[in-house]
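So that we are looking at the same thing, I have put the structure below in structure tokens.
Chains here go by letter, A, B, C and D, matching the order in which they are written, and residues are numbered from 1 within each.
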Amino acid sequence: MIQMSLIQIDNYGPWTVTPAPRTESDLQILQAELYADVQRQIAAKKGLVFYTRFDNMLAVTNGLNKEDHMRIQRSIRNRYPITISIGVGAAETPYEAQKLATEALQIKGGAQSKERKEILAIDSLVKEEESYVQIAHIDINGVTESMTDIVPAFDTNFLVNKAQHYLMTKLIEKGALLFFIGGDNFMSPCNGLDSEELLNIIEELKEEINIAHKAGIGRSNNAEDAAYLADLGLEEIRNGGNEEIICLLEDDKVPKDQT
Amino acid sequence: MIQMSLIQIDNYGPWTVTPAPRTESDLQILQAELYADVQRQIAAKKGLVFYTRFDNMLAVTNGLNKEDHMRIQRSIRNRYPITISIGVGAAETPYEAQKLATEALQIKGGAQSKERKEILAIDSLVKEEESYVQIAHIDINGVTESMTDIVPAFDTNFLVNKAQHYLMTKLIEKGALLFFIGGDNFMSPCNGLDSEELLNIIEELKEEINIAHKAGIGRSNNAEDAAYLADLGLEEIRNGGNEEIICLLEDDKVPKDQT
Amino acid sequence: MIQMSLIQIDNYGPWTVTPAPRTESDLQILQAELYADVQRQIAAKKGLVFYTRFDNMLAVTNGLNKEDHMRIQRSIRNRYPITISIGVGAAETPYEAQKLATEALQIKGGAQSKERKEILAIDSLVKEEESYVQIAHIDINGVTESMTDIVPAFDTNFLVNKAQHYLMTKLIEKGALLFFIGGDNFMSPCNGLDSEELLNIIEELKEEINIAHKAGIGRSNNAEDAAYLADLGLEEIRNGGNEEIICLLEDDKVPKDQT
Amino acid sequence: MIQMSLIQIDNYGPWTVTPAPRTESDLQILQAELYADVQRQIAAKKGLVFYTRFDNMLAVTNGLNKEDHMRIQRSIRNRYPITISIGVGAAETPYEAQKLATEALQIKGGAQSKERKEILAIDSLVKEEESYVQIAHIDINGVTESMTDIVPAFDTNFLVNKAQHYLMTKLIEKGALLFFIGGDNFMSPCNGLDSEELLNIIEELKEEINIAHKAGIGRSNNAEDAAYLADLGLEEIRNGGNEEIICLLEDDKVPKDQT
């Protein structure tokens, strides 16, 4: 099972314009630093956060318990002008897990409620022996050569965003999520998605929007190791001259019933 | 005229996997902190950076000269394990400006070239008296009520990404750029786009993908003040109960020939 | 027993002047951020770092094992232009522990050696059941009223530095360390120092340099909880109108043979 | 003339223990990041900040006007849980300048007043043509060889602190300030102190406490360039095998009446 946490800044929208709109550069710095900060704390326990919408961040948090989440909330309260609420859910697929996490938090009040502050709403936590994370690291073939070094920067950005949109559309149907992680790279927490299905998606995209992807898939009992194995998988594909499209690697921490 | 800078990490892709893939959380922290850092330095001169693809960032840099760009490069070299190259261009539209910035840099070598390091390639700089920035702050109507507080977090994320993709597609045709800035908010450097054209785009999107936007537009001689006026415009629309879709504000620093 | 780690930037002095002296503000930012960063990672395991000389930082690291230290080294290598070596030692007193940590590292090469890089030299680690940390939080009585709000800022700074120097001189004789933590506050890891001894030191200082201190002492099996109890002790003294000079608090995690 | 700013966190002491003592590691991170942040903003205008007591920081701010100071206050308010007040003063010596800065601020209310918040109290600003900064970069001879690589880390720390205390004592009598900047390095804003006087101080210290120093002195119209020239001076001494004790360098931006 995969455990996901939804980290939401409390009452952020209204705060950004009180008493007058706050300087945009300050907000951008605040958001980026908050993300880096939460990442550092969640990574200390081998979890992984995606910046998502910045005011709402989704994280794979297998290995983090209630106290770990409370420590993060406390440290943010002590160092930022805002506070964060967190919902946590565990399920067979990432989509289902973030759904439970969201619902647990929504019940406690709205994101722009003045009353709701620093809530920790845990629907469910993954038990150690059931902990299982599958992550795919997907990138676009040859972006640097065919785009970055040739066309205007925004055109490359546009293409990457287009790829993201189509990848998301297809993956969400399979219960998998997709996050942009910089460059031409995406990460997809995707418990339950098999290699064949991901291969089909990549082939469909090649045909439909003419963008070629490849993917390393990693499996472990935590996000950090799964992501690392996915990275290694991608390296193997590159080393093989991109002849393969998918490479799956797993370690011995994967629960028996998942192998 | 608008001045844009393309900030590109030198040889970043290869670095992230040398000697072995670097821990994903470390890369995410590095990227977010680099963005926050560059933002802080560019904002000190009233510019504004968008994280774009993190390894390639686009910035509106009216008011920053050659020495300002060099200081940023030096400070990054002194505090990060990587270096950055920068291309700068000035033009009537943001699209054209970033195109010139990109080309100036591409001529100096590839993004993954081992030889190219800390290049500053200036195609053109905006003269003080011609400095003009128009920025639109676009958001989605009622996301918190209709999405964040009701549906799973990833569904909201998906919708925002969809809106981004369609907005980008339409704006790029008009020479305007679009960047996600968190929550349900986008910023569009859009010199040369008039209110009517933006209104049409927003109305088309309402029809085509059933997502309703509104937009404040700000005009000044620098990005910070233009963005602030755009924020104020958006506040005016909100205060008027979202009856208007567009609100344009400008200050007396706009060059005469643009008013 | 207390466990201490010496965190040393590798070959830092030469780096700061290669190829030419690096901008002082950049070095100051680098050092402060490195400290904040290491603090965040060590605090995730309830340790506590003192900035010491910035290029050499001392930390109380009860609860951190070999892997924890290696993770910190890796994360710094991935995000900074420098690397760090670490020595670790465990002993009955903090002075003895940092001595062992230093010696373990010195054997591996000099701080300005070009060969020594990212060494982890562990002399000894504290066993969980023997883990014991005593920390005193010492402040100066009435600095805000008698100094900050009345005399020039540098005079207050001078007085605080003077207090630090004399406190250090006396504490080091007892095997205790002393670190400035901001304002008029000091923290002293001081396993083995009893309340009576600290009281004597404070009374001597009152007489010799006419500066009055008070101290909360905390005891636990880790630095975070010991420091928190010391803070609470100081609050109790303040609540009692500063009539007491010392207040000692401990929790039930203190090993039996230490109570 | 030199311009100095006193940057003071508003009502910080009470905040750190409200409602209960805040986690020490969080406070340390907050303080270090605030310092790095303010440094980055002041350095953008070629000023230089010293961390001083962290809740009270002293900065050389020649070149920064009223608006520059207000921008810093705003950016801190937007991104931290605390606010800062600033006093600014200009004078012939650094001691006198920080005295004026402190007094300007003290008049507006106490550091722990609940009423005083985000005050900018300017006693005086340096005019561009009178702007003059002299900074000495002082270090201890051979610390790495004779201490860092041989004795316990805290003993080296103790020696450096001792040197600082004695240097401060002597410099303050000459109207000069002294700040520790890491390693075995100090920076002394010292307008009005001539080389001969500094040489005497260094020779006295060698005799009295048996610690040998050397110093580069730099002069310009701003802190950044003065500090850089001081660095170069120190390098010259090192390159000459430490035969000289003082090396003074100045650029052509030094006002005529000071050369």
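Methods note: a contact is a pair of C-beta atoms (placed from the backbone, for glycine too) under 8 Å apart; a residue touches a chain by one contact, two chains touch by 3 or more.
On a predicted model such as this, the values are computed, not experimentally measured, just so you know.
Colleague: Between subunit B and subunit C, how many steps is the shortest route if every step has to go to a touching chain?
Modeller: 1
Colleague: Which is it for copies subunit C and subunit D: same residues on both faces, with over half shared, or different residues?
Modeller: same
Colleague: Could you grab the centroid distance between subunit C and subunit D? Build each centroid from C-alpha atoms only and quote it in angstrom.
Modeller: 23
Colleague: Rounded to a whole Å, what is the gap between the Cα centroids of subunit A and subunit C?
Modeller: One centre to the other, that is 37 Å.
Colleague: List, in ascending order, every residue of subunit B touching at least 2 other chains.
Modeller: Subunit B, residues with two or more chain partners: 23, 26-27, 29, 33, 40, 43, 75.
Colleague: Line, ring, star, complete or other: which describes how these chains touch one another?
Modeller: The chain contacts form a complete graph, every chain touching every other.
Colleague: Going by the contact rule at the top, pick out the subunit D residues touching subunit B in the complex.
Modeller: 37, 40-41, 43-45, 71, 75
Colleague: Residue numbers of subunit C touching subunit D in their complex, please.
Modeller: 6, 8, 12-13, 17, 20-21, 23-29, 31-33, 35-36, 39-40, 42-43, 48-49, 51-56, 58, 95, 98-99, 101-103, 106, 110-112, 144-145, 148-154, 156-158, 160-162, 164-165, 168-169, 172, 177, 181-184, 187, 224, 227-228, 231-232, 234-235
Colleague: For a test of understanding, state which residues of subunit D touch subunit A in their complex under the given definition.
Modeller: For this pair, the touching residues of subunit D are 22-23, 26-27, 29-30, 33, 74-75, 77-81.
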